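Same chain, two partners: chain A is paired with chain B first, then with chain C.
== the complex of A and B ==
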């Protein structure tokens, strides 16, 4: 399977996951969205040399994945294969910041390595939280939540349309791209000229499709307003979910639990 | 070139969210005022086109690498800046969710870097000026190539400024700029050529599409008003967040805004425009010691250490390394990891049994 087809399957798979029926899936999307946002802000608000205090935050993605019965292996692979900009920028830290910050016995660890580890951990936490939010909620429900949280309707409708036509157009691009690959002996047809032709034709097809969609909408009584369905409500489970995690995030943010735990254990050993 | 959550501080991320959110609301209003029903599906489907087109690659001769399209400029040319900004923002949102490109906090930065600069700077100030309202093939080619390059150069510079203002990366300003700008000159050239190629293709195949697009009114005077409002909003958010940071004794390290918050407010009174304020932010950076010696468990050492150590490097400015805390941190960290794993495992077992 080509890269493009793989991407398409991945996108579809996220929607399949979002169609689950666990308690977490049934929560109002606003609760999940706001809690995830708070989680991300709490994670990135630490100083750049913080590693140990970030670790308890792992509980949130672990809980979501386990309680939502999501395939951990697949999601981990997605997180690790994600675009590495943060890692590429972060890898300079160990070379630029060589003051010793951490000492274990005779072994000193420089500040750069500590901050690099911190970047990797932040990266893992924020990226996995975003992916899990989607896998537990689905794009349509996220759009509903956005609308009810006051995001402009034009943008929400745009997101809904984009999500709806993503599959058809990516499938179209995939078949064009495969046709090109099959006709390119060696690298013959993979150059700029053919690429532009493909994009141009895809754009023309897209514009025609937009026109067809518009006519179909008119036939079904489109009056310039899109109505977004509302399904869920804030109830006790939502308040409990938001409240409990907010409290935990506050504790994790202001109390360094791993250090306290480590001091207790090393104290016992002495 | 997507900015990432891991490199951002909450103050910078929050400020950029405010700015992009404001632009989004204003663009949504503009699009609604256009009251063009036909545009609703057109924008949606074009967004999907950008998404799909980004997945098609071509081989760049002599380098062995492959390039693809960013797409902001094509959107601006076909839809006008307001709609194009909305579409670009939606594409970036979906990428952030589906592919975890960047992340949710960084979304504000990414919408600004890839949407604002392309739709509201490169398109009206470069493409429109060169291509004009006619359908001259060569002018359109030149305009879209140059606008593509300029858009990406500004976007890359945005990434540099946001990263440095956050203070998580150690890269000094000059090195980072020297790293980012040339790379994005190449990427921008590819982007510009792709845009030019696709637009000329459309010009030959269906010129009426471009004719209809150029007929639309260019963005008028209101941009200035909107920019002034946004600058004010950005400065206010930045100031508020930095006040919160410095009021917090736990030492949330938002040092950039703490040192520069006051000067920013003063320039906010004059309203130089958004670019000017970004420019000023960068000129603060050399003064700001990136080698901040900070140990979170020792807030007392941190206050004295930062001011006195512009270059650090020596032993003295570093806060004393407490071996006991380090070991405790390591042991506790490993235990926490094990605990988190155990909890996840237990939850799974329970769910499987249920």
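== the complex of A and C ==
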């Protein structure tokens, strides 16, 4: 059951990354949040057969990872971990949409394969951007930013506690699962009956733990608002970051740069 | 009004399922005293500690912290005056880094960012954890976690320090460090513990709780010298007071 403990460490690792000191880390969280939201909206707004126009958008996650000095390999693994969801969403497209959409030499590519590729690319762009935002900002600062942007407090507190209790839930699940494994006499599966029992107990234990965590927070003056030590204000760097990327996203959205580039090159060759 | 005095008169409390936890607790803890709260498992120690921080309210009787009755309308002042260190540091530490965790309470008190660094680092230095400032709390050893959780409470400059089983899960060296640290504090200290040797070293006074009632209250040495009281509460004399098993002296 080391896997659960590993996952717990990984959740915490994103917060550790967010404690970095690069220029991007220091940027006001609102600027990063709004720019990333705009990026996601731009990426998902394309038609289902679009692939080439999405490629320039790769610049944004690459820039964030490079400037934030984030461990690309680790984040790619996280993206791959959730990729089965995207694969399941698009895997039937090649069978349902078999009309040939484009030809590469004598080889015809069906619309289904193109839309499948588009789904995978969009998934990669949006998930990696969200992960990078988390690794550059941290959950607490994102919540503080949401609050300052006028998102209702009830929603933000829910999000905060969801993140906080994820640790409690994983820690409890890990210790229960280890206790079961040690007394299971080498049998791997736990069977439906035992699984249900463990799940019920896990819920009760987690609620109990959550209660203790909440009490500890109250004792240190918690009033439904997590304040973060490092919260900057909107200044020149933030305006520059938001403005430059918004302009680029608009260009990427309305001008198919790879096609334009291809046409320019072939035009030159003619 | 002194913020450092804790006074309970005829305190009673039962859990919602009807289980009585505190039957009749009367005590007065003076400014700067270090008091050990001992008793068997389920005696009511933790329930009493929860009353001190306003996490529970008395069903009958009164409890006053620094002259203020523990009630909803005084919760902010009471939680400002009482610093609680929980039994399990993992329940207490939740921010991404040690520094941010120690700063959590201060930020809630509205301390400015300019003052934050000095105050937080001061508290971390007091508990010998300044070098851990950028570490994530979940990666620390049990002793380090305990030190950081104490720093997170100390930084708020409470008048009264309440601790629940502070030596549990600590290795002997970390336990020793904690004892030396607690001896330097001038706060009013109320410490629930099963570690009677620890209580003997740190606390001048001991209150024994048995089935929700105070069965003994006096100087620690005297209380621990009464074997009958200790046996009633499933406790054993601390090693420091026992006769030498080799020579009987």
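What we mean here is this: the second predicted complex is superposed on the first by the 212 of 270 C-alpha atoms of A that agree within 3 Å, B and C clash if a C-alpha of one lies under 4 Å from a C-alpha of the other, contacts with A are read in each partner's own complex, and residues count from 1 in each chain.
Going forward, a residue touches a chain if its C-beta (ideal position, glycine included) is under 8 Å from a C-beta of that chain, and two chains touch if they have at least 3 such contacts.
These numbers come from a predicted model, not from an experiment.
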item: Contacts of A:209 with chain B and chain C, given as first, second, both or neither; value: both
item: Chain B versus chain C as contact partner of A:16, first or second or both or neither; value: second
item: First, second, both or neither for A:140, with chain B first and chain C second; value: second
item: Touched chain A residues, chain B compared with chain C; value: B
item: Contacts of A:227 with chain B and chain C, given as first, second, both or neither; value: second
item: Partner chain in contact with A:26 - chain B first, chain C second, else both or neither; value: neither
item: Partner chain(s) touched by A:164 [first = chain B, second = chain C, both, neither]; value: both
item: Which of chain B and chain C A:217 touches, first, second, both or neither; value: both
item: Those residues of chain A which chain B touches in one complex and chain C touches in the other; value: 139, 164, 209, 213, 217, 222, 226
item: In the complex, chain A residues that touch chain B; value: 3-4, 7, 10-11, 14, 22, 36-37, 40-41, 43-53, 55-56, 58-59, 62-63, 65-67, 69, 72, 78-79, 82-83, 85-86, 89-90, 92-93, 96-105, 108, 111-112, 115, 118-120, 122-123, 126-131, 133-134, 139, 142, 151-155, 157-166, 168-170, 172-174, 176-177, 187, 190-192, 194-200, 202-204, 206-207, 209-210, 213-214, 217, 222, 224, 226, 254, 256-263, 265-266
item: Touch list for chain B against partner chain A, complex; value: 1-10, 13-14, 24-25, 27-29, 31-32, 35, 37-38, 40-49, 51-53, 55-61, 69, 74, 86-87, 89-91, 93-94, 96-105, 163, 167-172, 175, 193-194, 197-198, 201-202, 205-206, 209, 250-253, 291-297, 312-313, 315, 318, 321, 323-333, 335-337, 340-341, 343-345, 347-348, 351
item: Footprint of chain A on chain C - complex, ascending; value: 50, 53, 55, 76, 79-80, 82-84, 86, 88, 90-92, 94-97, 99-100, 103-105, 107-109, 113, 116, 134, 136, 138-139, 152-153, 156
item: In the complex with chain C, residue positions of chain A that touch it; value: 8-9, 12, 15-16, 18-19, 138-140, 164, 167, 171, 209, 212-213, 215-223, 226-229
